[in-house]
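First, the structure itself, so that you have it in front of you.
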Amino acid sequence: MQTFRMNASFLPAFMEALKRWGTLVAPVERGAGTYVLQAIDDVSLARPDALRTILPFKKLLLKPRFAMLERRDGGRTEEVFDNDMGPIVYFGAHACDIHALEILDLIYMTDYVDPYYRRNRERLTVVGYGCMPDEYCFCESLGTETVERGFDVFLTPLGDRFLVTVCSARGDDIVRANPELFEPASRADTRDYLKRLQEREQSFSLAMDVTDLPYVLELKREDPVWDEVGKKCLCCGSCSMVCPTCACFNVVDERPELGRAVRARTWDACLYRDYATVAGGHNFRADRADRVRNRYYHKQEAFVREFGKPSCVGCGRCIENCPTGINVVEVFKYVRGEL
Amino acid sequence: MSVVIPKPFVPRGGPRELATGPNPYLPAPARIMRAADLVPDVRLFELRFTDSTLADSFTFRPGQFVELSVEGVGEGPFSLPSSPTRRGVFQLGIRRAGKLTDFLFNYLSEGDEVGIRGPLGNGFPVERLEGSDLMLVAGGLGMVPLRGLLQYVVDLRERFGRVMLLYGSRNPDAVLFREELESLARRGDVELHLSVDATQGKPWSGRVGVVTELLDEVVCDVPSTYAVACGPPVFYKFMLEKLVAMGFGRDRIFLSLERRMECGIGKCGHCAVGYTFTCLHGPVFSYWDAMNLPELIYT
Amino acid sequence: MAKSKPKVGIFGLTGCAGDQLQILNCEDQLIPLARQMDIVDWVMASSRNDHTCRLDIAFVEGVVATERDLESLKEIRARTKTLVALGTCAVWGGLPAMHNEIPREVLQREVYHSSPLHFLDTVEALPPTHFVPFEITLPGCPIERHEFLRVAHALLAGAMPEFHMLPVCWECKAKENLCRVVYFQEVCAGAMTRGGCGARCPSHAVACAGCRGPLEEPNYDANITMFADRGISWVEIARKMSQFSAPVWIKQGLEKEVRHERRR
Amino acid sequence: MSAAGRSIVIPHLGRVEGHGGIFVKVVGGRVHEVNMDIFEGSRYYEALLKGKHFLDVQGVITRVCAICSAGHTVAALAALENALGIGSSPRVFKMRGLLTLGATIESHALHVFALALPDFLGFDSVIAMAEKYPREVTFALKLKQLGNRIQELIGGRAVHPVNTLVGGFGKLPRHRDLEEIRAALAAAQGPLAGFVELAASIEVPDFAARPTVFVALRPHEEGYRFRGSTLCTSRGEEFPVAEYRDVVREFTVEHSHAKHAALASGETYMVGSLARLALWGDRLVGQAREAFQRLFPRGVEENVLTNTWAQLVELVHCLERGQQVCEELLGLPEEEREMQDYRVRAGRGVGAIEVPRGTLIHEYSFDDDGIIESANVITPTAQNLANTERDLRAAVERLLASDVGSESILKLKLEMVARAYDPCISCSVHVTCL
């Protein structure tokens, strides 16, 4: 890892320079206080300090819906490249996003490698950007508030300048190609950086106790709290759509036009009623409460057993987007008997 | 903050590949060599990959499955009722149960092509079973994967001890592979115990009643026997506890489970129970592992 | 797999003809599609029709609002192998059924001013699915063209079309719209309503009115509570939810509120 | 052919929107009875609106009819906004105008090419016609698609718009989309001119010609427009639309779920493209003017069969006018949304618009809470029904007098008369007065 400093006024020039590595994608404002990730040409539209975009970056790697395979009548089934987005520079990734990217890698790049994910992933350049938490952030509780790997370059704003961390050979390329933008970091820069980290640590208002979470959850499997949450949940799937690590998908076969068959893939959510229904009609999770519980157990218990950490990064999107106000932090407080 | 079990970020294993190609979602074309009804709603399809190199090299473990697809119609997981000891072709036993299988039954016959991906899943632990007696317990369509195991055992007969097959069906017309099983029994390769829920007025010499009752018929040396059970969700409910009551260790009972499987490679999430993917880590589990994954055995 | 051209009929009972129009609106694919089938009975598009032959596929839109509608429906069912209900009217009853609790005589008096009107054999509006079984139901007010094409092409290929039953919220989130409930405190039926429309209304900054009918087992109570918790009055909630597929909502327990809302 | 006590029955009229038939009884060589038999079921939307909020009106009333859904929407919003005492901003007014043009292009293209033209060229349906005239049918469908694209862009959906709200629009179109529409409209002009030539080569029979009163709205400004607030007749009478109840008399007839209408004088009348051309055709400019002169060299005559050609002239007009409106909208700054603030108060309002089939009038009144107390919709097809029956009677008399040949030819000719009105039966059964 190398560190540099960059003058804050160089930011537009830096973003222009990033375009050499691919389509520049950054948060832009959609409505008052709401942001979406979007390819931009005009760098002044970028709002890297925006805390959350409605959909997380996973949409850059896997579209909500894309064609996987196609077959024309009389021909062979062929792979199609509907999901291939070319080289992308994702500008404005926060620490939690970068942790989420690692989790997606665990899901999609282990055992059988998903080629649709891999092709976009390998061409993805990640430029991080330091943030300050709001009332929905609880990344600190999950240890995802800082990040040491998984990005190419990371900018931490320090008033009139940025501390620039470089973590990959591609990041190194970017710095070397634009020497006029960077200078070595000074002691004052690192001092201010540490000060900022401290300040940030103190600004979290939401916290979740994850001590022994899998064991606690195992003991609480039959707890009435799951029925309670089940009664409140609309099963609209919004939490899964906006979750940076929810990665389930459906496979749909269709004939959109004469002589052409397409196998498409769409994001799915385990809260949807037919999620576990098999051919013949048996539904292994017909009860709403079972589906809700499954979502929490998959992320906070089973994933920990498998990979040593939960597949939740504390970004707060599900809390912000749940129409009935189901709050993961509160749910776990209930589970622990604290509420 | 405390992460419970610290573990560095390392993929669990090297990338795996399917026999059918580097893109695990891309099916390889296979031709239907033979299609014959086993019983009115279950048909046995014999397939061969059109690529002859793949056809000759294709192998799998008994208990694994493949995804069969017809583009534009659908894709579904099907158990292999044949044994890898017989090369060149493989079989699928398919029951008519939905849109894809309707299409297979209505429109596809010998000479037509379908897409196949596989082999998928873990399969039965055949190496572990070698040298022991085997008690195979099948309910209904559960006979399909067990027939693959049975064929494997018969082809390598000297490696296994006694082989008992306990098989329950709805009625005498629903018994799969009946002639073949009876001929194996006559040869002495397998001890066959059949039951039906009801005779429905058809001639029947076996037992009438639920399949669990067959367990009362057999006498075996439990400590040197492995039990392998396969059937619909309701079948497991009584079967497993009865086997335990007979003295089987929970790690000496294996079962093959059904779930909604779409991708077959542990990505899409539909068959997951916790982080256990029935398609990837299963479909074969020891009873001990399965009972420690709440929800896995559906009651 | 070669088959002869399937015989197809397209029928409208009482309704706005919007679903038949949506078929005509498949402009680019209409003629190639028509070549793959033998459309033998389609009054809206042809003046020569065979009203008696066996049909492989029939599409029916509209509600049953007269004895004559019911007769036609039964005849169509009897001669058809695969029957497809097109549109919310055919599947759920739609808008024409929204006030089935008001006697038709009252409505007739209000509309036609004279009585008795023996020429009106009108019965209460009910969806065709109430009377006869359908192989496929495709809701929408009107149906979405791409969904119709998927049904038609699947049937032509001999397969049943596949639709995942996902709520409108799925598509709404995929389009990154601002949630009408969370950000605007509106009554939005998206979480209860079957998607497939591409979240048209929320994408135009209008709350979902539920025109595609309910999902299987929507969490009705939680939706009502969610609106009420945001300070929206029961009258307002009932007003917004009593339009499309009202009979279904009423079965879900909204009847009281609907009656409460009416001032007749 | 015996002339004693025979009936001519067309049980189910094809190639029209909705369900109706024609029944003619001839006794002793004289036409005894001519009925347009409308058996489409009633849905009573206007009655169902009573007790609903005025904000729900558009979503409900548009479902009266799919083909006319944009017209019903614009008329309903105009009536409601009049009741609230708010006008529309220039942008909103123009956008609704563009929506109307899109709907007219779609509807006219459908009727002219897919429903009526097969009669003139000797086919049962447009699908059969496509085999012989593939290029023409493809273009006609493209034109119809363009109408739908406009409705989709402005209304959010080709059928039953969702973007149209009391006070404005939920989402405004992007400039690049408007530019695309403008270009597509321009590109369609050439091929359409070819159709005008094809039409000019077809002789229109005159067996249904009969003296007729034409009624249409006076355009709100100089030029050929589809919106206005004054009803005019070809007799030279004029009435403010708000007083339509004094002009249009409605009555029920035994054989029809749809009411019939006549002028206060008892005369039946015709609304629609031909009526508009008769009254305001001299205001057409550009290619539309040329098309008008080409297809109506002697001016508009009282022969309903020429209504299809009148629609063709209006198609040419819509392509030109649509480009102008796009131009005007492009002159305004690009914005996300436009909504007017208003205060809910009791009110009554009338809104009228010329839709493809003629004059459409909506009237609503609501109380201080915005709850609808009464609703009234007068559709063009209902206004035309009585006139249609008289035309049919004239045609039967004339056809029986001259030996027309087989009964099937006679029936076809009667169907042509009914189809020429482009009747919209779904709409027609919803004539109400509360």
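The letters A, B, C and D name the chains in turn, as written, and every chain counts its residues from 1.
As a convention for this text, contacts are C-beta pairs under 8 Å (C-beta built on N, C-alpha and C of every residue); 3 or more make two chains touch, one makes a residue touch a chain.
Computed from a prediction, not measured in an experiment: that's the story for all the values here.
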item: Chains touching both chain A and chain B, listed by label; value: C
item: Common touching chains of chain D and chain C; value: none
item: Reference chain D; chain at largest CA-centroid distance; value: B
item: Chain pair showing more contacts of the two, B-C and A-C; value: A-C
item: Most central chain, judged by mean C-alpha position against the global CA mean; value: C
item: Approximate Å spacing (C-alpha centroids) for the pair chain A, chain D; value: 53
item: Chain B and chain D: spacing of chain centres that average the CA atoms, whole Å; value: 65
item: Intercentroid distance (Cα basis), chain C paired with chain B, Å; value: 43
item: Centre-to-centre distance between chain C and chain A (centres being mean Cα positions), rounded to whole Å; value: 38
item: Contacts with 2+ other chains: residues of chain A; value: 250, 253-255, 261, 268
item: Touching two or more other chains - residue numbers and ranges from chain D; value: none
item: Multi-partner residues of chain B (each touching 2 or more other chains); value: 70, 72-74, 99
item: All touching chain pairs, where touch follows the definition stated at the start; value: A-B, A-C, B-C, C-D
item: Chain D - residues contacting chain C, complex; value: 12-19, 39-48, 50-53, 56, 59-60, 63-67, 69, 110, 114-115, 118, 124-128, 130, 134, 137-138, 141-142, 144-145, 148, 156-160, 162-163, 165, 170-171, 252, 254-257, 259, 337, 371, 412, 415, 426, 432-434
item: Partner chain D, residues of chain C touching it in the complex; value: 12-22, 24-25, 27-28, 30-31, 34, 39, 42-49, 63-66, 68-69, 94-96, 98-99, 102, 104, 106-108, 110-114, 117, 119-120, 122, 125, 141-142, 200-201, 203-206, 209, 239, 243, 261-264
item: Complex contacts: residues of chain C adjacent to chain B; value: 1, 154, 157-160, 162
item: Complex contacts: residues of chain A adjacent to chain B; value: 68-71, 76-77, 79, 102, 105-116, 140-143, 149, 210-214, 221, 247-251, 253-255, 260-263, 268, 270, 275-280, 282, 284-285, 290, 294, 297-298, 301-309
item: Residue ranges of chain B touching chain A (in the complex, touch as defined); value: 1-7, 9, 11-13, 15-18, 22-27, 29, 69-76, 97-101, 115, 233, 258-260, 262-263, 265-270, 272, 274-276, 280, 294-295, 298
